[in-house]
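In structure tokens below, several structures.
First chain A sits with chain B, and in the next complex the same chain sits with chain C.
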Partner chain A sequence: MTIRSHLNVLGIVATALIALALGYHNAFVLNLVFVGLVFAVLGQSWNWISGYAGQISFGHALFFGCGAYASALFAVHHGSPWLGLLAGAGVAAILAVTVGFPCFALRGHYFSIATIAVAAIAEITATNVDALGKANGFEMPILPAGLGTLQFTEKGHYVLVALGLFVVAQLATIALERSRLGFYLRAIRLNQEAAASVGVDARAAKLTTYAACGALAALAGSLYAQQALYVGPEDTLGLPISIAIALVGVVGGLSTVWGPALGAFVYVALARYGGAKLGGTGNGVDLLLYGALILIIVSWRPDGLAGIVHSIRRSMKRRVVEPST
Partner chain B sequence: MDFGPLPQLVVSGILTGLLFALISVGLTLIFGVMDVVNFAHGEFLMLAMYLTFGLALIGINPILALPVVSVLMFVLGALVYRVLIRRLLAGPPSAVVFGTFGLLVFLQGAAQYLFTSDFRSVPNPPFQGTLHLGSVNLGEAQLVAGFGALLLTALVFAFVEYTEPGRALRALSEDRVAAQLMGIDMQRMNALAFGLGIACVGAAGTLLMLTYQAYPRVGTEFALTAFVVVALGGFGSVQGALAGAVLVGLVEVLGGFYISPALKMVPVYLLYLLVVLVRPQGLLGRR
Partner chain C sequence: MTVANERAPLLEIRGLSKRFGSLRALDGLDLHVPGGGLTALIGPNGAGKTTAFNCISGALRPTGGSVRFEAREIAGAPYHQVARLGLVRTYQVVQPFAEMSVLDAVTVGALLRRPHVAEARAFAGSTIEALGLGPKRDIIARSLTIADKKRLELARALATEPRLLLLDEVMAGLTPTECAAAVELLREIVARGITIVMVEHVMEVLMPLADHVVVLATGKVIFDGKPSEAVNDSRVIEAYLGRP
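On to the complex of A and B.
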């Protein structure tokens, strides 16, 4: 896709969602859209390191939880989550560099398992620290609504804030695809030795990307916590969250600008909506369908939903051209 | 001399470790032969546990169920290889990671849907007695599970080391191309290794039901432990898995007692990070 068509799609999506957020007042639907946007951002953050750079992470909840806890703590103790939101992003970026510095020496599954181990350590720690509310987590106070407290009476306003972060993530990805760093990452994914031999500093490229991933996922975590007004270890740091983030990325299509958004849309439709329709959430139907979807996609369409959309577009274009030839 | 609770802890740690060994041997066998890290390994453990529970409901106790479950899991493993893994191996390297990960999500979802999230334990489990050896108390069930796992691990080792198909598996793990040139049917052997690996984790699931409960997410924790064990022992090594498993069992039980039960997994995960960063070939492995 050209930069122009990326921006056109982004413009259309953003306009449609703004209209929806302001004009449609069904709390259930708006909540789905909000969760979808948060997961689109998380999936995009995951896509940077695991898609473009090819370092598969199964512990991305680490950063999500970091942001959620940081803004929640500031909301409780200082009455505003904003500093916490920034602090969470900063801490997540530092954490990413700290974890990445040793772990990027690991290849393939060694790295993937290390990410699970680090996130598990974080979850166990949060479960045992008094200040973080241990296993129960903690609730946040209801503050006067407004942008200063990031609490809103209208569900639509949460959608707008999440949309803002989503637009930033999409613009960053469009820029990444065209930047030197983006080319470095793809070179590293395809063949790290070859990339290094032509002067790509693989570790620096991966660390920079991972720090940005951490910060972005933490921001998504902060927004999520602000909307839920609750944080708990399992809900923010648990393996199921890490799995959901990777699901969104894989199903949507790795190393594509729009893959994570498509994956998140399907995730929310299946997990939150489908689950509710097929007899309550948490009965496993969502996981069952999603697992089956991953299996179908990796076996037949490794480029994910974005790849499928791409081939449909191409065949449509061909059909338009055909009559004139 | 009085060692306090130490002897008890060491014995518990070793017995726990022996079960980890049987789980990990399955994982390491699959990895050694076809370079596949089976992220769904724990879910096969979970399936075997439910299978054992189901058999117990119709009056078959876990010891009698052991061969039945092992054979069924072998067939399932070989089938999963034929239908899924073989296809994934033809794709990019990440396909196997995502494929087995998809299988994890699918099986966990299926279990949650079919069996709900309730904890299930075998009704009227056998071996309820306790043996007293000096200051050490041993649950009979724990002993049977531990030694059963040790016996089966030894059997797998003997199979890989001393039989014709075992030699073929080792040949494949050493040099895939050369082994095929010597007339080894790789697809057949891969299916055998995957079936055998799943049969191991299946047998471990049955033995585990003597002392533990089945629930949809039971596999995750054990699979993580198995990853640590296999990293310690060196990916692909059966003896390494046994040594690593006993070490992890000890670390878990001693850490749980001397630090805090809630934190017992932290030293295990730190051990993983330490080993892969400092000695990526594993404690016993050679480069």
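On to the complex of A and C.
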């Protein structure tokens, strides 16, 4: 896709979501859209390190939780989450470099296992620290609504804020694909040794990317916490969250600009909407459906939903061209 | 620049050794490569030629010894840093970025000296053109023929604008016509001022091309001199054929 077509799609999506956020007042649907946008951002963050750079992370909840806890703590103690939002992003970036420095020396599955371990350590820590509310987590006070507190009376306004972050993540990805770092990450994924032989500092490229991933996922975590008005270890740092983030990336299609967004909305539609419809009595049916979908996509179209969309577009173009030839 | 500096070899290796367990793949290798021209590194299988390339380029950390490139010690330096200094190698078994187009793969090399993608792409384009890969610039590396993969490997290395190129059997597996084209290519590269050290088995290719031949056997240099002398040297003949 050219830059122009990326921007066109982004413009259409943003316009449609703004119209929905301001004009449609169904709290349930708006909440789904909000969660979808948060997961689209998380999936994109995951896609940078696991898609483009090929380092599969199963511990992305570490950064999500980092942002959630940081902004929640500042909301409780200082009445505004903003400093916490920035601090969370900064801490997540530092954590990413700290974790990445030893772990990027590991190849393949070992990196993935290390990411699980580090996120588990964070979850156990949060479960045992008094200031973080231990296993129960803690609730946030209801503050005067507005951008200053990131609390709103209208669900639609949460959607707008999440949309802002989503647009930033998409623009950053479009730029990444066309940058030196983007080329380097692809080269590292395809053949790290050959990349090093022509001067690519693989560790530096991965660390830079991982730090940015951490910051982005933390920002998503902050927004999520401000909307939920609650943070807890399981909800923000748990392995299921890490796996959900990875699944969003895989289902959508690795190393594509739009894969994570597609994956996020399928995930949210199935796991949340499906969960609401099928859950309760038939608990777990939604997960069953989701698992089946992953199996189908991974065995039939490993390039994910974005790959399917791409081939549909190509075959449509061919059909338009054919009569004239 | 002082006279002494001008005389200093581009690459100066002293006592380079590499052990894999009890195997001494390199056993005190000494090698001087003057700037300009083409040095051939030959020797029977297992002599340590590829290990030498790995240790010089930084792909492997040597067990001991010194490698000086442009009077700077690089033994044990990280692989990518050695490439940054202007010493780049190619692989005996081609290592393409399989899913990238020819142009993108060469762009990765060009980005070393040109951080802007547009500039790097343009430079990669002209490098590809110069190596005769122009018509294949949009082909995915995986589907190239072996000869073209080798050319791609060379293009990627050249796009980093090295001062010293280590070529590991770039001719192996090429047809005689492809070989002749490759020889012309190497002459052009040397004419552009890039020094080449190449490992090669095809002797009739090497002899007219090399200014300087170094013969390796069991991790040591056993001959260092002119190509015409190498073929008559008793130590070289013994290394290849055994003692009569």
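One rule holds for everything that comes next: the second predicted complex is superposed on the first by the 321 of 325 C-alpha atoms of A that agree within 3 Å, B and C clash if a C-alpha of one lies under 4 Å from a C-alpha of the other, contacts with A are read in each partner's own complex, and residues count from 1 in each chain.
Keep in mind that, in the parts below, a contact is a pair of C-beta atoms (placed from the backbone, for glycine too) under 8 Å apart; a residue touches a chain by one contact, two chains touch by 3 or more.
In this text, all values refer to a predicted model and were calculated from it rather than measured experimentally.
In the superposition on chain A, A:Ile312 makes contact with neither chain B nor chain C. When the two structures are aligned on the shared chain, A:Ala175 is found in touch with neither chain B nor chain C. Greater residue coverage of chain A by touch, when chain B is weighed against chain C, goes to B.
Contacts of A:Leu239 after superposition: chain B is touched, whereas chain C is not reached. Residue contacts after overlaying the shared chain place A:Ala131 against neither chain B nor chain C. Within the superposed three-chain model, A:Leu22 lies out of touch with both chain B and chain C [touch as defined at top]. Remark: chain A residues 178-180, 183-184, 186-187, 190-191, 193-202 touch chain C in the complex. Those residues of chain B lying in contact with chain A across their complex are 37, 39, 84, 87-88, 91-95, 97-99, 101-114, 116-117, 216, 220, 224, 227-228, 231, 260, 262-263, 265-266, 269-270, 272-273, 276-277, 280. Contacts from chain C toward chain A in the complex involve residues 57, 59, 78-81, 83-84, 88-91, 95-100, 104-105, 107-109, 111-112, 115-117, 120, 156-157, 159-160. Chain contact summary for the complex, chain A toward chain B: residues 54, 56, 58, 102-103, 105-106, 108-110, 112-114, 116-118, 120-121, 124-125, 127-128, 239, 243, 246-247, 250, 254, 282-295, 297-299, 302.
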